[in-house]
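Next up, some structures in structure tokens.
Shared chain: subunit A. Partners: subunit B in the first complex, subunit C in the second.
Entry: the complex of A and B
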């Protein structure tokens, strides 16, 4: 058995140095996904004509695209066309000035918008229609009904699904190493290219991810208890 | 450089890429068939609460669910040779094609994910059903096979479908360890002709078609399974 503990430790440290990059790749898409995803879900649930069905088509189709393939395409277009775009907008920047982590963030954001919108749509559909009618009958506007009545009830239903999405996003963020962004996986294997201890490098990356997802799931349990506090349990 | 996207190059790529779909499908088929078997073994260990083994299985499932597919792929790719070569005195890296590492990874991964699906499906069936079967003189296997299994299929089907869609998508990662699946082929076309966008777009279309058809099949299956439900309820 070939397992060198020193190489493992070194890789672990290198991986942790690049943890902030992974955090960026997770949290920015998460915020974008939550805001746009909620919007898309609302548009689809309230059946806004034309836009609703267009978004439904987009979400369904885009969910069939593997993230790594999408990422390669965006990176290619970014590499080839960024200079033209910058020239068109009279920006004084070139493709070499821009960190391509933004390509990764863009690809992950689109994926998370789609999956989060599906999760939130499911939660919205689980809320009784009578709630809308009740809101109308006491004179709330449509927006007030959504913000004050529907969304607060939707959150506890959506949370388990959203946690799955967050964990999925953490895991998906590792594929950005395919376009040369240095995050946990690529970082943990930096020493490996010198020592040839790739197994130890990837093992270290796996440990970091495992701990990361365990922390997220632990927090999720707490959050679930907190948000579910006001939900009436049918069996009580 | 010329045009970024040209339709004639796109059409030229179709016969070049489509044959490699068999690699993608073989990974998915191996992963599903052996993954189901592995998943059943894991569930058996969990339900029978075999001491020692069931804790081990718990850690295994948690690891598979908590780490990225990419990392698992790399761990298997570098780990199997590193762990087995010194023991067996083999040179697995030379003897195995890259695709074998992909098979191993995907089977291990699917085993864990499917076991979670099966476990929740089995536990969703009230234990009284099993007790009823046993009290009617069925053996444990008969009870499972005739009473629990038909009911659990219904619950397990929708998550199994979305798992399969995810599996197809994840299989696109294997090009990173040098397996030539459709994505790997698209990359080699890119290096050979310097025009890769058409190939990538074709790959995207193939994946979208696969994902939509898998979903359609499972949607139909699901409707069929729920056929008798309304009459009772």
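Entry: the complex of A and C
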């Protein structure tokens, strides 16, 4: 098999053109995942009655569904029911007006909410119970203790697990090809359908993912050092 | 004045506190002695609502609350009148020594930051840590951490400071420096309830000694009365075992 550098470069450029789509597919779910995931983890760790067990059930059930399956289901619902819903809400838009990247973002968000909540729950559980008691004893409210004491200590513990989540999310974002959204992989293989240089196309996509992931990991390590400056650097 | 009346606490089927009542006058230093599992730490934790008692009443100054049914506001109110020094220090790991001391003032009591810092510096100087303001707990020795813990409790100017075995986690050399600080707190006339195994400390500092065993108060009285003339056989037994281990101590 000959490796054609020109085709590779062309694929690289096409892949990069669609990088913004991948960025949207990664960072919107990441932000939603971090905020809702933290909330779910706190509700579960502090054992809020009823809601805590309901969320635990939801996380367990939802994590058992492959992301492609969830994506297909949402896409079908979106295509079949969007017009009815728009009519019901008296919106003037139709299914063809809406970019279905939002279906991808929705599916990836739900997945990342679940997995991030588990990562953060693990980090929260690693914090000594005595920290909560110390907060109580100096007269802080529960919320003050969580915001000022528990979360700042949770962050450096959670970061290694969150890196895993983000890297997983970056790679999982390529499954949205299945519903026709063009992101890095689909973009990089656009020239291949003309040149038949599929190997170069996929290699270019892999290259972009690799660089993207490396940048994210580098930034996360810096963030971990910064947020964990109060810890004795035994294991870091 | 602090008064605990008829407190009961169960962990599962294990009755840890069986109807305990304790009264502490203002400025008094009360030392609670007793074997492990006698319920002394649980009693202390119930007073600060770190543990929810199954029944009983608590009076601190002019506030009286039901230990089982107290609402969130009442609990916060009681906690802001008390301070707790933990066996394993429990300093806020993400905050420096001075931030640890300031936290209760700034966040719970809304003292302006500059004023809180001034008070915190004073408290840390007082426990001999004037050169350790910006150290994180992980960078301090056990004795230093416990002194920050004492400063953190002391700076809140509480009606009572509760000490839960403050020297049990320290090595013998560090016990002395920590006990000295606690003695100085006592000399300031602050009401204190101290759970400890340090007999000589109890003898030197306590106004009243309470001996607990099996979830009840077996005997209480002045240190002289308890140490040299215990009425109950159980007290005698306990003291004889401990005191024979302590060469510095003689009756």
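Here is the rule we go by: the second predicted complex is superposed on the first by the 231 of 236 C-alpha atoms of A that agree within 3 Å, B and C clash if a C-alpha of one lies under 4 Å from a C-alpha of the other, contacts with A are read in each partner's own complex, and residues count from 1 in each chain.
Quick note on the criterion: contacts are C-beta pairs under 8 Å (C-beta built on N, C-alpha and C of every residue); 3 or more make two chains touch, one makes a residue touch a chain.
From a predicted model like this one, the values you see are computed outputs, not experimental measurements.
S.K.: So, on subunit A, is it clash or fit between subunit B and subunit C?
M.R.: On the shared subunit A, the partners fit.
S.K.: What is the contact status of A:152 with respect to subunit B (first) and subunit C (second): first, second, both, or neither?
M.R.: After superposition on chain A, A:152 lies in contact with subunit C alone.
S.K.: Put down the vertex angle at subunit A formed with subunit B and subunit C, C-alpha centres only, nearest 10°.
M.R.: 100
S.K.: Scan A:85 for contacts with subunit B and subunit C and give back first, second, both or neither.
M.R.: A:85: touches no partner chain.
S.K.: Looking at the overlay, what does A:175 touch: subunit B (first), subunit C (second), both, or neither?
M.R.: Only subunit B; A:175 stays clear of subunit C.
S.K.: For A:140, select first, second, both or neither according to whether it touches subunit B, subunit C, the two together, or no partner.
M.R.: Touch status of A:140: second partner only.
S.K.: Once the two complexes are aligned on chain A, which partner has more residues of subunit A within touching range, subunit B or subunit C?
M.R.: B
S.K.: Of the partners subunit B and subunit C, which touch A:185 in the superposed model: first, second, both, neither?
M.R.: A:185: touches subunit B, not subunit C.
S.K.: Give one of first, second, both or neither to describe whether A:51 is in contact with subunit B, with subunit C, with both, or with none.
M.R.: Neither partner.
S.K.: First (subunit B), second (subunit C), both or neither: which does A:77 touch?
M.R.: A:77: touches subunit B, not subunit C.
S.K.: Could you state the shortest Cα distance, in Å, between subunit B and subunit C after the structures are superposed?
M.R.: Value for subunit B versus subunit C, nearest C-alpha atoms: 19 Å.
S.K.: Where on subunit A do the contacts with subunit B and the contacts with subunit C coincide?
M.R.: none
S.K.: Along subunit A, where are the residues that touch subunit C in the complex?
M.R.: 128, 130-131, 133-141, 144, 148-149, 152-153, 230-232
S.K.: In the complex of these two chains, what residues of subunit C are touching subunit A?
M.R.: Touch residues, subunit C against subunit A: 48-50, 76, 79-80, 82-84, 86, 88, 90-96, 103-104, 107-109, 136-139, 152-153, 156.
S.K.: Going by the contact rule set out above, which residues of subunit A touch subunit B in the complex?
M.R.: Subunit A residues touching subunit B: 1-3, 60-61, 63-70, 72-73, 76-77, 80-81, 167, 170-175, 177-178, 185, 198-199, 202-203, 205-206, 209-210, 212-214.
S.K.: Which bits of subunit B are touching subunit A when the two form their complex?
M.R.: Residues of subunit B touching subunit A: 1, 4, 62-63, 65-72, 74-75, 78-79, 82-83, 85-87, 165, 168-170, 172-173, 176, 183, 196-197, 200-201, 203-204, 207-212.
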